[in-house]
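The letters A, B, C and D name the chains in turn, as written, and every chain counts its residues from 1.
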């Protein structure tokens, strides 16, 4: 079996949307049903769920916002792997929705969830494509100092996610 | 896109600590909060949570034991991939803590959890690094016999995890 | 043992806040930590977590809104049962937060979650009080007709929680 | 506040259906959505979800079998408590579906799940009704012997739920 490694850059203008990429199954059901799960997470959420299906070879998409719909579908299609889903959203953070997505009965795993610049690493065979990893922003090059640790705690408190 | 494959050996002296490696997001919140989640799992647990952040390029770390803190941070830095976390612990087994880690709202996936010798497989692009797999100890070379099956059930019972 | 049945009306002006009542443990930890869990559910959520502790006999409370803080504490105190918690919130629905509350490691059970008029049914002994049930609005008196079934589906779709 | 205690017998002909009784919220959404959750649990499941709503005072019901639909609605109406749901099913056991029901975002708690004869204990006030407990079959009158312990383990193995 010949295996080629391919990289796909996620399109996310001004890196302004949150992106979740995962593996599931039963696309004709899950595209709509996972979208409905998203709707129960945060009031007023804007989101799109795009999901690939092997037979027929289609990217399915359900959304309540036209730009997110276009982007999620385009990114899922560029990745190409069957049963792969791409969620793009705003007015919500991964923290708010991940427990619901992980618990969805058709979801296998989540590769990544963030608003960093992203590159999807893919293994390609004659049969099709498999996501094997995602570069989720730049690599680190040092360990935080005690001062930087204090700064992150102050910042976490300032944005309301920590009580002093 | 140029993709290079890199391997990183996890440092774990005498293979005495349990190690969990996964992908999450929101590092300034999650480093402390996932550490707090660990504290609720097992009385007297000793552990460290180290997590990488793309901007600024830093490994964050929170711990209640200085050696675990140093090791978790060193291993996370060596892996380098953004939003990657390394938990190192003693006085608890993965069995005790995995349900809590998987349910944490910022956690996407767990790549590995064990006390075997470990090597992390990484895809490196110009943007950064993606974990694509983890070697979790030596590979197998045969199937268990009926006798070995009985031995494992006896051992499981002896260590208190099975009732006859 | 003498057991007396007592009813406590939940104070909720104009029935405008969502209320969750449950049983947990480790109040000195859980009051703050469950509040932090609430913060991860919905961006901009306003909420208060009040929780009773047997020794010393205190209602603990953490909030990011003064009116919710006052109401949650007052209701938890009126119920009186130890390890009982009352969450009061706005800008979020039970649907958004219940998975997180149920998964919290100190939470035992949820008695009720709604914005109906509520009466808490309590069993009182010499030792203390136990919640035994909650009246969550008026009782029903008929089964929906096919027309009413269609109306609820149209309404669910209209408010964005169903796709046709 | 006047509190009256009332008992309601669950109708279940020949005790042939599995019954789950619980508390949730958002009836117009949850009746259908919890039914859909049931459909994802076991291939070929037959089930009905009936749920009470305080305003208007209605029992909602969704099903894929007419007898289960009639029974679930009749039992939910007889209990009367608002936001109370009754699931009746066949071709599946509680074991198969409870994790999904407990994880449903609108579900607070499950009072009972079994195929025993059942009586629901209710506290009734001027406002409405609260379920305070469920009698799930006859009460016990002795502790198992060592022989009976072995018999149950053999039976568990015989029906395929234990490996020797």
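Following the convention adopted for this analysis, contacts are C-beta pairs under 8 Å (C-beta built on N, C-alpha and C of every residue); 3 or more make two chains touch, one makes a residue touch a chain.
These numbers come from a predicted model, not from an experiment.
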item	value
Greatest separation from subunit A - chain, by CA centre	D
Shared interface numbering between subunit B and subunit A [over half = same, under half = different]	different
Chain centre separation in whole Å, for subunit B relative to subunit A (CA means)	22
Whole-Å separation of chain centres (CA-atom averages), subunit B against subunit D	40
Cα-centroid distance, subunit A relative to subunit D, in whole angstrom	36
Subunit C residues counted as touching two or more neighbouring chains	36, 40, 93, 95-96, 99-100, 103, 161-162
List of subunit D residues in touch with subunit A within their complex	33, 36-37, 40-41, 100, 103, 105-106
Partner subunit D, residues of subunit C touching it in the complex	5, 7, 9, 20, 93-96, 98-99, 102, 109-114, 116-117, 119, 121, 132-144, 148-149, 152-153, 155-156, 161-162
Sites on subunit A touched by subunit C in the complex	32, 35-36, 39-43, 62, 64, 91-93, 95-96, 99-100, 103, 160-163
Residues of subunit D defined as touching subunit C within the complex	1, 3, 23, 25-29, 31-33, 52-62, 73-74, 76-77, 80-83, 102-103, 105-109, 122-125, 127-133
